[in-house]
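So, here come the structures, one by one.
Across the two complexes that follow, chain A remains constant while its partner is chain B and subsequently chain C.
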Partner chain A sequence: MTAAEASPPRPAAAVAVRPPRLPLSDYLRVGALLAISIAAAIGCAALLLSVTGSSPATVFGAMVSGSFGSRVALTATLNHTGPILLVALGALAATRSGLLNIGQEGQISIGALFGVAVGLAVDAPRGITLLLILATAAVAGAIWASLASLLRFTRGGSEVITTLLLNFVGFQVVSFAVNRPWLLQEDLPEGSVLSASPQSNPLPPAGHLPTLAQGPGFRLNSSITLAVGLALVLAFLLARTRWGFELRTVGLNPRAARRSGVSPALVGSGALAISGALAGLAGGVLLTGTAFRVNDGFSNNYGWEGLLAALVAGSVTLAVIPSSLLFGALRAGSGVLAATGVSPTIVGAVQALVVIAVTLPLLYLNRRRLRALLQRTGVSRT
Partner chain B sequence: MSGGPASTTAARREVVLGLRSVSKRFGRVVACDDVSLDIGAGEIRGLLGQNGAGKSTLMKIVAGFVRPESGELTIHGKTLGFGDPVVAAERGIAMVHQHFSLVGPMPVWKNVTLSDRGHTRVDRSGVSRQITEVGRRYGLDVDPDAIVDDLSVGERQRVELLKCLRRQPDVLILDEPTSVLTREESTALFRVLRRLARERGQSVVLISHELDEMLEVTDRVTVLRDGRVVSTVESAEASADSLAHEMLGQDFAVSAEVLGLSVEGSHASRARTHAPPRRRAAPAGHDVPVLELADIKVTSAEGHALLDGVNLEIAAGEILGVAGVAGNGQEELTGLLSNLIGPDSGEVRVEGRPIRTGRGRQLGRAGVGVIPADRHDSGCVLEMTVAENLALGSLDGMVRWGVVRQQQLHELGRRLVADFRIITSSLGAPLRSLSGGNQQRVVLARELARKPCVLVAAEPTQGLDIGARGYIWDRLREAAATGTGILLISSDLAEIMALSHRVAVINRGRIIGTMPRADVDTAELGRMMGARTHDRG
Partner chain C sequence: MIEDITLIVDSSVRIAATLLFAALGELVAERAGTLNISVEGAMLSGAFAAAYGSHATGSAYYGFGIGVAVGIGVSAIQANLSHRIRVNQFVTGLVLNLLAIGVTSFLLAEVKMAPVQFGLVRIPGLASIPIVGDALFEQRAPFFLLYAFVPLVWWVLKRSRWGLELDAVGENPAAADANGIPVDLRRRQAIYFGGLLAGVSGAYLSVGLIGAFTPNMTALRGFIAIAAVIFGGWTLWGTVGGTLLFGGAEALRVSLPALGVTITPQVLIALPYLAAIAAIALLSQRRRQPAALGQTFRRGIT
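Take a look at the complex of A and B:
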């Protein structure tokens, strides 16, 4: 032992920086698994469709052409992918710090609600109005999520439960606001005989997201560029910064984090706030990109789909981009499908089968990490 | 070894439990080495020994939880097979483990019937009556309908005892029964045991390392050391001194030397382990202790004092060994200096400056390094990479604009991997992919690379083989030689004796004595470790 220490320091190049790559056979195995599971899913879906009296070929054709088949379809896919990706990024920030935020639906709604309130109230130039709306939506989402961290880090209440339940509170707040004429309910022209509907007034054009491409029947908004940009930023922050390093430490071993001077409560509540901010921003993007007004049921499952996209992506941060794209495409495809008269229940089932088929092989790869993550959710108190 | 069962009373008693030449090894560790024992009817027998002497393993063999390599076990003269706890229980062997096996949210009567076999229906009122009856007879009063979670530790132990006694066992084995009890609860337990022995002719085996209670309650004491029976003596004729001597061995220097010699191919370390390490004189002007604990008190959520006014001082370059039986506050002491818990009162001072512990970065920035007893608990992050683990807590120098500079991170990693000969596929491999010994080296490398002014080493060689152990000892000695003050918390006396300049004894959350290594009297040390000192006060 001491002999080695007496000798001059060794040239420090003995150990490689990167771990050896997985053998090619592992990738082939995952590829094969992917092919098999997609085939199985298509088989199951075909069976389900023919039993319920639809033609599988028509349905699959509609799904593909409805998501990638034309410029209109592609635009729909990308316009859905933007907010889903934003939600997924937020979910990822929380899970990396060992917390499971499942309150995105509520955070989207609250973000959009405050966003539309600001957008209708201010009268400013285009860029400023839009920025104000998006910033307000993000802050509102962050505050909504922070209610859960308050409960968790002062009272020890599981954030899984509180974020979930805050969804329903959020829905009620939105519903309350758009049903009150003195709050956000739509104004009707003087002398109108129609009764007002439970939705807000539309945003002025100054509060609309910029358009990337436009044509007959489609308008591609810039949510996808914003979301992809933020994905790159978040991936860098998590992998390379002190903040990301400490956040991952807290998520994987809170005691080791405390030992190295990092406060799990501080880092965790920060991550939950960011998570809520990104979901709120997704609400703002939906508002300013496609919906332009807020109504009951505004979040419309974007929150759940984003959360799923994050879980599918697992441990590789940038994998949220393709997984969100998958969810965006499914959303666009099933929109078209529903228009062909197939029951929405069946559409949902087909959609779920495709997700399972794509996810299973990835889960196989990520199984260990996911297990570690689930063990932490809600159980480990700090 | 010396001594033997040369007792006359034993001859008069019928032998209930007999062990012949039982041996058991775990890998390279010999837990029981050719052990023979005879326990008579109505006898209370103590099994005394240090941690790892083989007491618990031996009794787990008897109760069928562990299967030995060789040997024979008899009950009332009839051979009993090894390795089947159900058969052992049927043949009258009952064991109360150190850690209770009760279901907290269930009532007492359900717990008592849990391990019953062959019943389709439990007769609740019958069981309750039985519990009350057995309880009254032996002074083990417990309400059969009470929920176990609501019971005190002493009451839970009574439930465990009732579980055993209900089956009228021939041999009752208790593994460290008093380690969780208060003095009063212990006394009550002993009263029950004596009554059982007298009235039922119950044979009891009591595992403990507390000398006083051994003398107080047992008829005879068998001392185990390194898996062997050292001696069996009549309690009435024994003294705490003689027992401590037999428990700890004749000469610590010898045992340390044996360990040192086993370190492969290093003359230097061999030479050094012979003598207690010399302490480098602190440079002039540095007579402020590097670490001071002033009247530290830590209380558990239930209100027990875990650290009860601890005072400690460590000078630069000094190794202070904290000896004690596990569970006497060592964990809290490490936790305090690992930033995991803050004291309820008292002050931690590093190089004379008061430091806040329990939160924030003060402790680490002041230069306090820790090698925790359980590295997986707070020492490392298994899913993070080797390089990241080596930088954990020392990012301060390698961050610019909040970004961790990869080049510096990898440079540190390469240097430490080479210096500490950590075997890993790469710096980017998850720590989980390393062997246990190499994970421990990662922790050691990180803590030492920071050149801490204080290093807390809690059980630094626990579970490591002799080669790795010698390596870590050498590293700790080197660190001390360069001026680091080391707080060595260990339940291994050989380690304490081999490394320390001074030895402190911790007992029930208090430092009950500190002495220079040269003045350590082994018997006195053993007595202090086993004593119930602060019950006097």
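Take a look at the complex of A and C:
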């Protein structure tokens, strides 16, 4: 009766190797759907703007010029894109193994917290300090995410719930540390008043990311090159190595994976650890590239945006680069909105609408693929 | 001392009430196997709509109704995206939360409003009981809906056919499907019920408790409600207990410093989440989650 019983595990592996090629008309239809739904999303945002009396053209114009219009704008976009892309790569690795990590906000915070602790403690030459900070951030993020795999693979607790809950615990760990003078709270001169938002001491310059380009009002850090490099590495690992194959097999059919000698628990917790490591690294990159300090609310939605960028990229690993760029640009664009008199919070709504607009056509594409696959293997769906 | 205790009990119950409304709805939704993280977005939208509705109509009651309707509306998007066309339910929930916070903060910045607040209602006699009297019997009007919703949810889960079918759908959707129970329909209905209560919760927060709308005013209470359901082991009384505990923790965090007690606020803020994680780690098999929680049902594919 069921497709899974009627067919041997091979189809799952076949999907893992190559999704079935669809007729051109299907791709055209998906493309048209994508265009329509993105237009609808922009239309919704424009409607929201015009009912509140703003001009959509002005606002969208300001957002485009604020994200790509000048060197300053482009630098802001790329500096945002780096950490978002790192988070998205991690989210993608987990998703491929069938696990959904939504704890990136917490993993970023914990990564940055331990990163700054190391950066303030060591007194080493430039390269070594930076490497130590980034490595610590990645390891801390990985450990934080692994708490969720521990609960998943020993107690059966859904990793979605536990990663979500661990976010809020992570925020409080950071808040605790930056509010304690004996931990990481900023040293202030005698008699000065503690700032409303407590923070850590700033990192020494030895712990700053190298600068790629610099000019009046902008400083492009190297997070974008690091992130793009890791994206290429991850895409290669997923598509061309035994590890990547096992990961995708576990994600598509854990039962078939176990029968062929692959442990879903081992592969899954590895994927979750990598996911956390990349989110932690994103925290480290934010710390060493732009923030230089850790404060309450450090992750500031980078985690959610990276996660959404990964969801938008869907099944094509390298599509995560343009989708992260889109989220980075939206973030940079929101920075200039205040000058137009429009609340930058509209950008959150735009991000959500973009995700919906891209998700629906991809869903259609996956359905067509599944149907084509089932036809090819001669399994009929009830 | 007695006054202090009365005050803390009162504020614990007030905070617990907002959590409990949302948690009751989330409990029903989760029993049907759907993990609705858009409860936060539904609460926030409901809170905004109730505040704006009360301003536009001049009546807290109409505003409350509008808030509840918007809560159901948000849950309808969630239900139809996740259990009709089967977009991943967590993705849907995250996106709806993001959309809710973006749209409400944006509208708040763009429109001026003066929300109307519910007045205090005092039940004569009962409200004079020492310590708990004020807390339980002198509150803003929507609070008293709890006395209807808690028994209603009990009846739904324990005594109604619909509730039994929700359990079937949450524990073994394939078996439920084979018995002719429409799995996705029941899940959508459970989410609508959750949205109704999330709307009540948000509306109670804005036009009941506070009398205003502030950006992101639900401040993760939707997630605390989810934590309460998990902590309560997916049972009604466990959920009620969880919301009281978490409401108490928040009340203590606010009131203890004023009483000269030094505390670590971060521990109290993290308590609900830690308690839920501990529950996942420690709960026995009998009080486990619905077997199909968070899994999309596809007929014929296990």
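Keep in mind that, in the parts below, the second predicted complex is superposed on the first by the 295 of 382 C-alpha atoms of A that agree within 3 Å, B and C clash if a C-alpha of one lies under 4 Å from a C-alpha of the other, contacts with A are read in each partner's own complex, and residues count from 1 in each chain.
One rule holds in what follows: a residue touches a chain if its C-beta (ideal position, glycine included) is under 8 Å from a C-beta of that chain, and two chains touch if they have at least 3 such contacts.
For clarity, every value in this text was computed on a predicted model and none was experimentally measured.
Contact with neither chain B nor chain C is seen for A:S197 once the two complexes are overlaid on the shared chain. Touch criterion met: A:F176 reaches chain C, while chain B stays clear of it. Between chain B and chain C, C contacts the larger number of chain A residues.
Look at A:V355: by the touch rule set out above, it reaches chain C but stays clear of chain B.
Once chain A of one complex is fitted onto chain A of the other, the partner contacts of A:S70 are absent, as it touches neither chain B nor chain C.
In the superposed model, A:R258 lies in contact with chain B only, and not with chain C.
Common to the chain B and chain C contact sets on chain A are residues 1-5.
Against chain A, in their complex, chain B makes its touches with residues 263, 266, 268-269, 338-340, 359-365, 370, 372, 377-385, 387-388, 392-393, 395, 399, 402-404, 406, 410-411, 413-415, 417-419, 421, 424-430, 470-471, 474, 478. Residues 1-5, 48, 52-54, 100, 102, 151, 155-158, 160-162, 164-166, 168-169, 172-173, 175-176, 179, 304, 307-308, 311, 343, 345-353, 355-356, 359-360, 363, 381-382 of chain A are the ones touching chain C in the complex. Those residues of chain A that touch chain B in the complex are listed here as 1-5, 9-10, 12-20, 240-243, 245, 248-249, 252-253, 255-256, 258-263, 369, 372.
Across the interface of their complex, chain A is touched by residues 35, 37, 81, 85-88, 90-91, 94-96, 98-99, 101-103, 105-107, 109-111, 215, 220, 223, 226-227, 230, 264, 266-267, 269-270, 272-274, 276-277, 280-281, 288-289, 293-294, 299-302 of chain C.
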